[in-house]
Amino acid sequence: MEKKTKKKVPRLLKLQTGTGERHLSDEERHFFDIKGYLVMENFFVPNQVNEAREAIQDMAKKPSANITIERKDYELELLNIVEAGGILEDAIIFKRLLQPMEEIIWGSQVRLVASRGLIKEPGSIETLTQGGKADPRRYTKYRCFVEGEFRCLMTTCLIALNNCSNGNGTFCIIPASHKSNFPHPYSNTSLESVSVLKDIALKAGDAIIFSENLSHAIKSPINEKYLWLSYQYGPSYMLSWPGCEASKELRTRTMDSEIKTRLLKTPYYHPWDYYYKDIVN
Amino acid sequence: MTPEERYLFDLQGFLFIPEAISKDLVQQMNDDIDQMESLNDEEANKLGLYRKYHNNNKDHPGHNPSGYDCNILSRGGPFEALIDCPRTLPYIDSMINEPFRLDGYMFMIRNQGCRTVFHHGYAELLPYSEFAVEEGEFKCVSVKIAYALRDVSVEEGCFAVIPGSHKSNFDNPFEGMNPDKNHPLVEPCPCKAGDAVIFTEDLTHGSMINQSKKTRRTLFISYAPAFQSPWGKLVDTADGFEERATSRQLELIRGPSPFAIV
Amino acid sequence: MEKKTKKKVPRLLKLQTGTGERHLSDEERHFFDIKGYLVMENFFVPNQVNEAREAIQDMAKKPSANITIERKDYELELLNIVEAGGILEDAIIFKRLLQPMEEIIWGSQVRLVASRGLIKEPGSIETLTQGGKADPRRYTKYRCFVEGEFRCLMTTCLIALNNCSNGNGTFCIIPASHKSNFPHPYSNTSLESVSVLKDIALKAGDAIIFSENLSHAIKSPINEKYLWLSYQYGPSYMLSWPGCEASKELRTRTMDSEIKTRLLKTPYYHPWDYYYKDIVN
Amino acid sequence: MTPEERYLFDLQGFLFIPEAISKDLVQQMNDDIDQMESLNDEEANKLGLYRKYHNNNKDHPGHNPSGYDCNILSRGGPFEALIDCPRTLPYIDSMINEPFRLDGYMFMIRNQGCRTVFHHGYAELLPYSEFAVEEGEFKCVSVKIAYALRDVSVEEGCFAVIPGSHKSNFDNPFEGMNPDKNHPLVEPCPCKAGDAVIFTEDLTHGSMINQSKKTRRTLFISYAPAFQSPWGKLVDTADGFEERATSRQLELIRGPSPFAIV
């Protein structure tokens, strides 16, 4: 409609509807659509793993002003961990993460909706999310069209900071459950007894991108504490998770990065309306 | 919703609600608008009112500006009553079908020569406009209500839609074009003051060219699930709103907890 | 899979899956997808209208061996009218009819499933079909994909042999009802009281192609007898309507027409299996 | 179907049914097949049996032909029992969910070196294979059952699928390729004699290369809604079938009235 205004919009806020930009290979696209996830080995190199582990552990001891700690039984959740800076801030624009997110959600109109550091101890609660059509969380909706484009809502990138396999603190999923037409019948079943639940073996530094609409859980580690990093992305108009709004401090220090600035913007619909709002304010 | 209303909204993508608001309330709003119209932009801005002009009436140079949009909820007064209009809100409840907010409240002026070109349609796959039905229940996002504040005929530039386009699988060849009342796909929706049209944002919609000297006055109020952002200034309220508001009005404006459903 | 065999298949039976061949214009495709029908003015020229009317009236008096007459109150249905030959046989391959059918159903793998001559008298029964998801006739299913292809099941071409408008014997539909998610609530309502029912004014010789999944009815004519021709097409594997199997006589006399031969074939899935069957028999 | 079976079939596109047929019936069928195997093609044809060979074992020239398909229902005898197998037919009822016919009954022999390449997947949009769920009920067309007549391991060339591919929106990049058990998308389905796998034809499926000297023997039986055609000779029955058959068997073979639902 507002074609004149559209033209004035800076590239930063280019409307992505229907651009059909593709970053995934045919095989990746086919795989993600069927299974609901993509594994990225060595997303962090060992140095980055160590830096991330240390930053999370520091924050757990003495959180900075913009990070909130939520304690559950045998589990610590550090909300808004992106505020910690360093690798925890830089990871949000890693191409291997951001390009799939842009294809899966909505072009360059994606936002960082939540970021978390997780410390799981032996005994931590193992909850299998519902997934599929029966999932009450509509903000996790998976959408994809025949030989067409993705239009997913909340999509998560989970980064392992320990080696997790063989059921020891492992991340696990029900493959293809993001398209389930029926509720899963495993509410009263221990994870070990769910035949279709699959352990995703990850080494420290490996990451997995998955639709939040996929049934998933993190198993409790057997002996030690396991650390995780979680970033959740959504379309530009999705609100931040409560406690995960970007602070003024973070916005100021990321001003030079066009991409970080975009990911941390307050929610918006039409880029030109956002732009217009800037003018009239 | 009655079975017929459910059928019609699903079939056509909109629902016509005659006499959605009382003549009395319409009168109060028009009186307030008359007063606001007497302000120049600078005076309006001082009161928190921002006009976004649509200067597209090249054929009618005598009528400039031909129209504008404006965040009128910041005027408060009679406009607050429509936040939770008892005649229409139950429909929104059934159409969105989960906790929702009022995400935009806009007043529109359309003078002679002005129109809104056709925009949207399902094949755009706009994620924030999706029309959806699952297991026999609507699961829409972005449901809007157009309230007519004056009688508006086809010639006076009424709202117009392409019924069924909220399910169209192909690009809309009429995107950006003026609605043509003679095209078999097009349905103009003439209204009496106080009538409302509820529609899904996925529906191809626009308005006829206003060929009269009468000014069309319309309120567009939009609702969306809690996790969706409000449209900036379009939810600004007037001083003292929080004290005056009912608890439902407050929830609709502040928005329910965005991710409370787990 | 059977690539070797596939190659041997004559062009006549080329597999149409995913060829994406398009015959409709962008506007026609958009219109048909939204409304569920397409009107073709002057499908028959006046001479053809007269020939068709005479042939139907002759058959009604003295049906040929392969045509069955079903009498209802104030209505005559002549099943398998294609057997009457002449214009009633030739119409099935008119480009203006066949090209849309091929795009809407399944490329060149379409069949003529049924053909009928209809004589409606004043007082004939007006039945509004259900349409949409609630229609129990799964063989009428409408399928179309975002910016993709159609895969419809039964699709009908109805040809008016009288001028029908203003509710006098008019064909009428509920536009867009082929995508209805709910049953229509008009089972106990007279057609005149259904607000969304639309009369399609047709002149003698005009035709309408519509998805059988669209809610539709033919109104009773007020004074005279009204004649109609109806052809129903489906994918290659759809059985013939009982009484509408092509006779040996018809198959023999249409042998020289590749297109008629294909439309009148017994049902088949893979063209090469059909071919194979010919060899082993 | 139990809620878990319903969930699994929807999730994966197939359902494994252990011990679907008795050891005794398996034995009878294998005995009959032994006898049939002793016939040459000419003798078989005289009995109404037609073999369609698959000469794709170029790497194992000693085993030619490596496999064939055949219309074994025309043998009658023990094969007729599977037309309406009591252990599997109720599943078909729930999956197709309207009057249906048996539209194909095929016997498959797979020798050393033989395999079936991957084929199908939802994005092909084959109208006669559609997997669909509406209002919480399956509405599939073409549901097939693979009955193992011998134990078959991964190395012996068992059935293999890509779970979830019955809902895939993208072209299958593995179309026409040999199933690779190490690929994370691939799931081989080893079976004991008498086990069955029920699957929707929209599922990408094939079989592993038979790397053993053992011959795989499988029956594929297919069901479809009444308006769909049977697969030619693959529903031929033996003499006297009409007299012997139960009424359900007769209906399944003749097909219910194709357009009876109005």
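Labels for the chains are A, B, C and D, by order of writing; each one numbers its residues from 1.
The definition used in the following text is that a contact is a pair of C-beta atoms (placed from the backbone, for glycine too) under 8 Å apart; a residue touches a chain by one contact, two chains touch by 3 or more.
Since we're looking at a predicted model, the values are computed, not measured.
K.L.:
Considering only chains that satisfy the touch condition with chain B, which of them also satisfy it with chain C?
P.N.:
A, D
K.L.:
Find the chain most remote from chain B, comparing centres computed as mean CA coordinates.
P.N.:
Between chain B and the rest, the longest centre separation is with D.
K.L.:
Rounded to a whole Å, what is the gap between the Cα centroids of chain A and chain B?
P.N.:
Computed value for the inter-centroid distance: 34 Å.
K.L.:
In whole angstrom, what separates the CA-based centres of chain A and chain C?
P.N.:
Each chain's C-alpha centroid was found; their separation is 51 Å.
K.L.:
Find the geometric centre of each of chain A and chain D from their Cα atoms only, then give the gap between the two centres in Å, rounded to an integer.
P.N.:
That gives a centre separation of 41 Å.
K.L.:
At which residue positions does chain C touch at least two other chains?
P.N.:
Where chain C meets two or more other chains at a single residue, that happens at 145-148.
K.L.:
Identify all positions of chain D at which a residue touches two or more other chains, and write them in rising order.
P.N.:
Correct list: 125, 135-136.
K.L.:
For this assembly, give the contact graph shape among line, ring, star, complete and other.
P.N.:
Its topology is that of a complete graph.
K.L.:
Considering only the defined contacts, which chain D positions touch chain C in the complex?
P.N.:
Residues 50, 52, 98, 116-117, 119, 124-128, 130, 134-135, 139, 176, 225, 227-229, 231-233, 255, 257-259, 261-262.
K.L.:
Of all residues in chain C, which touch chain B in the complex?
P.N.:
Contact set of chain C toward chain B: 26-27, 29-31, 33-35, 144-148, 174-177, 179-185, 196.
K.L.:
In their complex, what parts of chain A are in touch with chain C?
P.N.:
Those residues of chain A that touch chain C are 145-148.
K.L.:
Taking the touch rule as given, give the residues of chain B at its contact with chain C in the complex, in rising order.
P.N.:
These residues of chain B touch chain C: 2-4, 6-8, 10-12, 122-123, 125, 133, 136, 162-165, 167-173, 184-185.
K.L.:
Enumerate the contact residues on chain D facing chain B in the complex.
P.N.:
Listed in rising order, the residues of chain D that touch chain B are 135-136.
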